[in-house]
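Please read the structure below before turning to the comments.
Which chain is which? They are A, B, C and D, in the order written, and residues in each are numbered from 1.
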Amino acid sequence: MIIIMSNEVTDGQIDAVTAKLQKMGLDANISRGVERTVIGAIGDEQKLDKEALQALPGVEEVIRVMKPYKIVARSYHKSDTVVDIGGVKLGGNQVQVIAGPCSVETQPQMDAAADAVAAAGCKLMRGGAFKPRTSPYSFQGTGVEGLEMFRNAAQRYNLPIVTELMDARMLDTFLEHKVDVIQIGTRNMQNFDLLKEVGRTHVPVILKRGMSATISEWLMAAEYIAAGGNHNIIFCERGVRSFETYYRNMLDVTAIAVLKKETHLPVIVDPSHAGGKAWMVPALSRAALAAGADGLLVEMHPTPCEAWCDADQALSPEQLNTLMGELRGIAQVIGREIA
Amino acid sequence: MIIIMSNEVTDGQIDAVTAKLQKMGLDANISRGVERTVIGAIGDEQKLDKEALQALPGVEEVIRVMKPYKIVARSYHKSDTVVDIGGVKLGGNQVQVIAGPCSVETQPQMDAAADAVAAAGCKLMRGGAFKPRTSPYSFQGTGVEGLEMFRNAAQRYNLPIVTELMDARMLDTFLEHKVDVIQIGTRNMQNFDLLKEVGRTHVPVILKRGMSATISEWLMAAEYIAAGGNHNIIFCERGVRSFETYYRNMLDVTAIAVLKKETHLPVIVDPSHAGGKAWMVPALSRAALAAGADGLLVEMHPTPCEAWCDADQALSPEQLNTLMGELRGIAQVIGREIA
Amino acid sequence: MIIIMSNEVTDGQIDAVTAKLQKMGLDANISRGVERTVIGAIGDEQKLDKEALQALPGVEEVIRVMKPYKIVARSYHKSDTVVDIGGVKLGGNQVQVIAGPCSVETQPQMDAAADAVAAAGCKLMRGGAFKPRTSPYSFQGTGVEGLEMFRNAAQRYNLPIVTELMDARMLDTFLEHKVDVIQIGTRNMQNFDLLKEVGRTHVPVILKRGMSATISEWLMAAEYIAAGGNHNIIFCERGVRSFETYYRNMLDVTAIAVLKKETHLPVIVDPSHAGGKAWMVPALSRAALAAGADGLLVEMHPTPCEAWCDADQALSPEQLNTLMGELRGIAQVIGREIA
Amino acid sequence: MIIIMSNEVTDGQIDAVTAKLQKMGLDANISRGVERTVIGAIGDEQKLDKEALQALPGVEEVIRVMKPYKIVARSYHKSDTVVDIGGVKLGGNQVQVIAGPCSVETQPQMDAAADAVAAAGCKLMRGGAFKPRTSPYSFQGTGVEGLEMFRNAAQRYNLPIVTELMDARMLDTFLEHKVDVIQIGTRNMQNFDLLKEVGRTHVPVILKRGMSATISEWLMAAEYIAAGGNHNIIFCERGVRSFETYYRNMLDVTAIAVLKKETHLPVIVDPSHAGGKAWMVPALSRAALAAGADGLLVEMHPTPCEAWCDADQALSPEQLNTLMGELRGIAQVIGREIA
């Protein structure tokens, strides 16, 4: 860390900082400039407590030099991590489009959805059995029964299933039902107890970005999972909160490029929750892929107008099919493959 | 709800919307303007599904007329709710300053903190035993042992205790230790399973605003607790995420005035987490009180520089004492009382 | 407009709103719902004053039904507008990449830049002679002399020139130097006097989005230019302010899709100012094109490390060349052409 | 400045940075840590170009140690600056409430407004003759004629007048009409040519914060005015853009405390444009004063419902009078005086 002292610093204050650093096991490099004295802490930054240094008299600012994340960092593992989901690869050269309805409703709905997912050439299927809803009076999901309907529908095509876990107490049920990918939603990105629990399994995890999480906080949330031993983590950008009211969230396309630089783990994008309208999904999907995303998480419903949840943001089977064609073309141009 | 049709709407599309409304049990009022046709849904708006209407052909926009929250709304209960915390009143005419350290560290630290809280004239004490930390490698709290140290320290002055619950599985432990106020942190504002659980108790709850939650989402999160039967809810504004980097969060002082209009429940402010620096706390505390807040949640540490967490944002005992004097003066001017 | 009355509205208050509407030349459609009365204003919404209605007793909310923009709206002109810049077409099927340095420095620098722009196959050149700088002590541009160096360099390849106008008093100079495209920067998007002035010319205008302008405000800013008679307007998304600190601005890729729906005018993207780092530019450029942008505004400097301004965000000539190859591939997939 | 090198830096890259610093006239302090090498630039930071350093190979990040503002900084002038406006003092111990209508409409309206301003005990009057409006089709102000009506009304009570300048070409007219305080609006905070022009006069300037300007950018905008020789600058916080839609802008009350620390110049608050609703104004005004503001800029209209602009945010004369009473009470508690 670098400690910038205020312009009226005394020698005693500099000595106190040096002493504090030594107590934490680091050395100090003191650089007296024309207008400011700057102290560099030499040693393992992980041992340092930024706030404790900041609270010392005469300290104006403390700046971290090292990135706070370790296992998820690109520097920890240079090459791209490819996550294996029941034999389906995601990451590296392989792009995957995960499609399916917002929520699991009925067995016929899920069967029709699985038909459409497979027909479009997608290799993974999504669907929510437990739904986080802003209002306690809205439909809260079909629960465990929903998991079963989902599994029934998907297994006819050997589609691994992706579904959201909201409560650590439900994890065992997810494991019993052999959920292939556990999704952690935007509202739970910093539900640290939940992250620790999924970190103890080896099930692949899709970690959605928090509503207004910085990229650094997001990487640290993944670090909670990785620190538990589960390195099968997939980041999912889904738009962030902004001042713009025309659409639901602002898709942060730059975050894709940043994550590809900072981490070795795959990055996918959810264009449906970002825009919030079906007509925005093709443009956002193409942009995400062109920017370097390793996959997409797209809402598709056999009959969008009848959906029990977010009816206006689901693609129809035909729209999904058309989109897949466009995406294959772009993938080819940038040297990647869609399963 | 009001359904605004697109400018090229057909009669068939208008009929379809009317039919959908009738199926949901409502009537339609059709207003054909010069450039737009607008359909008003007459009946109980709670029966309507906004997204399903939005997905119909020819519909441009659907606008909600009623507020989505019920029990927490000012219209449900006209007068101010006063929450009773072990005999200490919060709300109505009564302003309370809840002070204490960021985290429970040791018994001597908590004893000294309790001494200072009582000496400053505060009637409630705060302290975190379970800490939500951005990094998995940071101090995560003293846990159950911390709860005991906290209780030991506080009971010498009969100070009810306020502490954060992060995991529903820990609720029974909180109830056994007779925690007086359960705090739900900013990262868990939309942890709906946790909200439902505390909604089943009758313990007063401080519900912090999510990092970037709208006021409406915040009211709906409280509605989750209220819908379970627990109406002892206190809102806590703690600053929101913004583009400004000088301080930690942007304190939304306007939210105080808005909440006093929209809800009958009390509203307090956490100036410590908002600003993130001890020197900002007095100005923010005075502003919050002057704007109409029913209380404050302030970090105070017997020896700030030694704090294990957020050392640079805690007031010293002397600073707390001085602040209490200023706050008493402002309370008097606006006709309120600080215990 | 739709006027939603409060739940305790009186007949007198409803009558007052009706009377006010009639005074403004409109009729009222009164819809008495179960919990709310809603009044629809029938007639020309442009005649209405939203705030004046909102100030009437008993009015809870006033909602606009019509879009406030006219000439720039897609409904005003259904097909895509193609802007002709000295014979170079931008819009419709034709994508253009406008490249060049952040600022005009010297004649040799501009000559080398023009060589590189032409070599990469770009048909338009950018460069700033008047620079808006955050600090009064930073380099403020080479001014009129810069315009001349720019023209000298560009005319060897018949490249039309794009440069920023900051002050209405400098417009005549721009016209004398036959600037081909006037750029209005992000800080001047709502400098209404400047917009009115360029609206009186027929020179094509690139209107950058304000730092935190909503899409609606941006369209209204363009309406200022169009209302003066100049319909040669090109929108330029350049990222908006956000809470994320990893990069300079958050590129709003969704805005491209929204604008293509709302307006007939072309939309380009400035990936250089969005990300703020040269290494982010290729990913953002590809994403913008894939999302439907009609062009790009890219910073390229013959020797980036030596640039007098924003040295870390300029591409080198080689990088521009490589990027153009990628973009041609994507353009082909989505059925468009790069000159 | 501090230059943090990447973890794979070479000696050659370190030498290149050192050479670049020496060329700019500074020395280098090289600190080789366990995981990172950090170079401190010793000498006058103003001579350095941050972006040029950032563009060098091996450089990961460049951090500024000094504040970029000089004349407006508290370190330049330790004691509070008191601005003298035609004999009325603003700053130091003296708090001023500047009241008046959003826009100048007619002579009778301005006369009635001046009566109310004086009756409430305010010593300064506001009113807009030139209005920045989002739509080109909205009322654009009464212009020069408005200035005259304003002056006529105000001089009966010797009230100095505050009015907005939008265009540098109108400055001479403002000087001829002896406008007492020139207001620079939020949309023009970074209209650098306009700032330079008012910097050449000695007329006090109210500089409103840009819609989403950081505090540092705002201080730099003031530095543009100060660098021209005009040090009579008053900052005006008016709320910033946020994701919250309940109100117009989010009042940044923390900015008051920050500015009082960073600059010696006075800081006032505009609660009317922040909240956007008259009923929010009293709470926001009290909060601003309690947080340390040196004044307020409040909209008051003799008959709010009839206002030509922002009718729903103006206080009535009675409401202004009541507010002044509350503010006097708070001022007394914190040891300040309202004229």
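Here are a few things to note about the model shown:
Everything that follows uses one rule, which is that a residue touches a chain if its C-beta (ideal position, glycine included) is under 8 Å from a C-beta of that chain, and two chains touch if they have at least 3 such contacts.
Note that this is a predicted model, so its numbers are computed, not measured.
By count of C-beta pairs in contact, C-D exceeds the other of the chain pairs B-C and C-D.
Of all chains, B has its CA centroid at the greatest distance from the CA centroid of subunit C.
Distance between subunit B and subunit D, defined via averaged C-alpha coordinates, is recorded as 31 Å. One simple way to say how far apart two chains are is to compare their mean CA positions; for subunit C and subunit D this gives 26 Å. Subunit C has its Cα centroid 39 Å from the Cα centroid of subunit B. Counting partners per residue, subunit B has 212, 241-243, 245 as the residues that reach two or more other chains. Against subunit B, in their complex, subunit A makes its touches with residues 46, 49, 51-52, 54-56, 68, 132-137, 166-169, 187-188, 190-193, 196, 210-213, 217, 220, 223-224, 227, 241, 304-313. Residues 212, 214-216, 239-240, 242-247, 250-258, 261, 274-275, 279-280, 283-284, 286-292, 326, 329-330, 332-334 of subunit D touch subunit B in their complex. Residues of subunit B that touch subunit C in their complex: 2, 4, 7, 29, 31-36, 38, 40-45, 63, 65-66, 75, 212, 241-243, 245.
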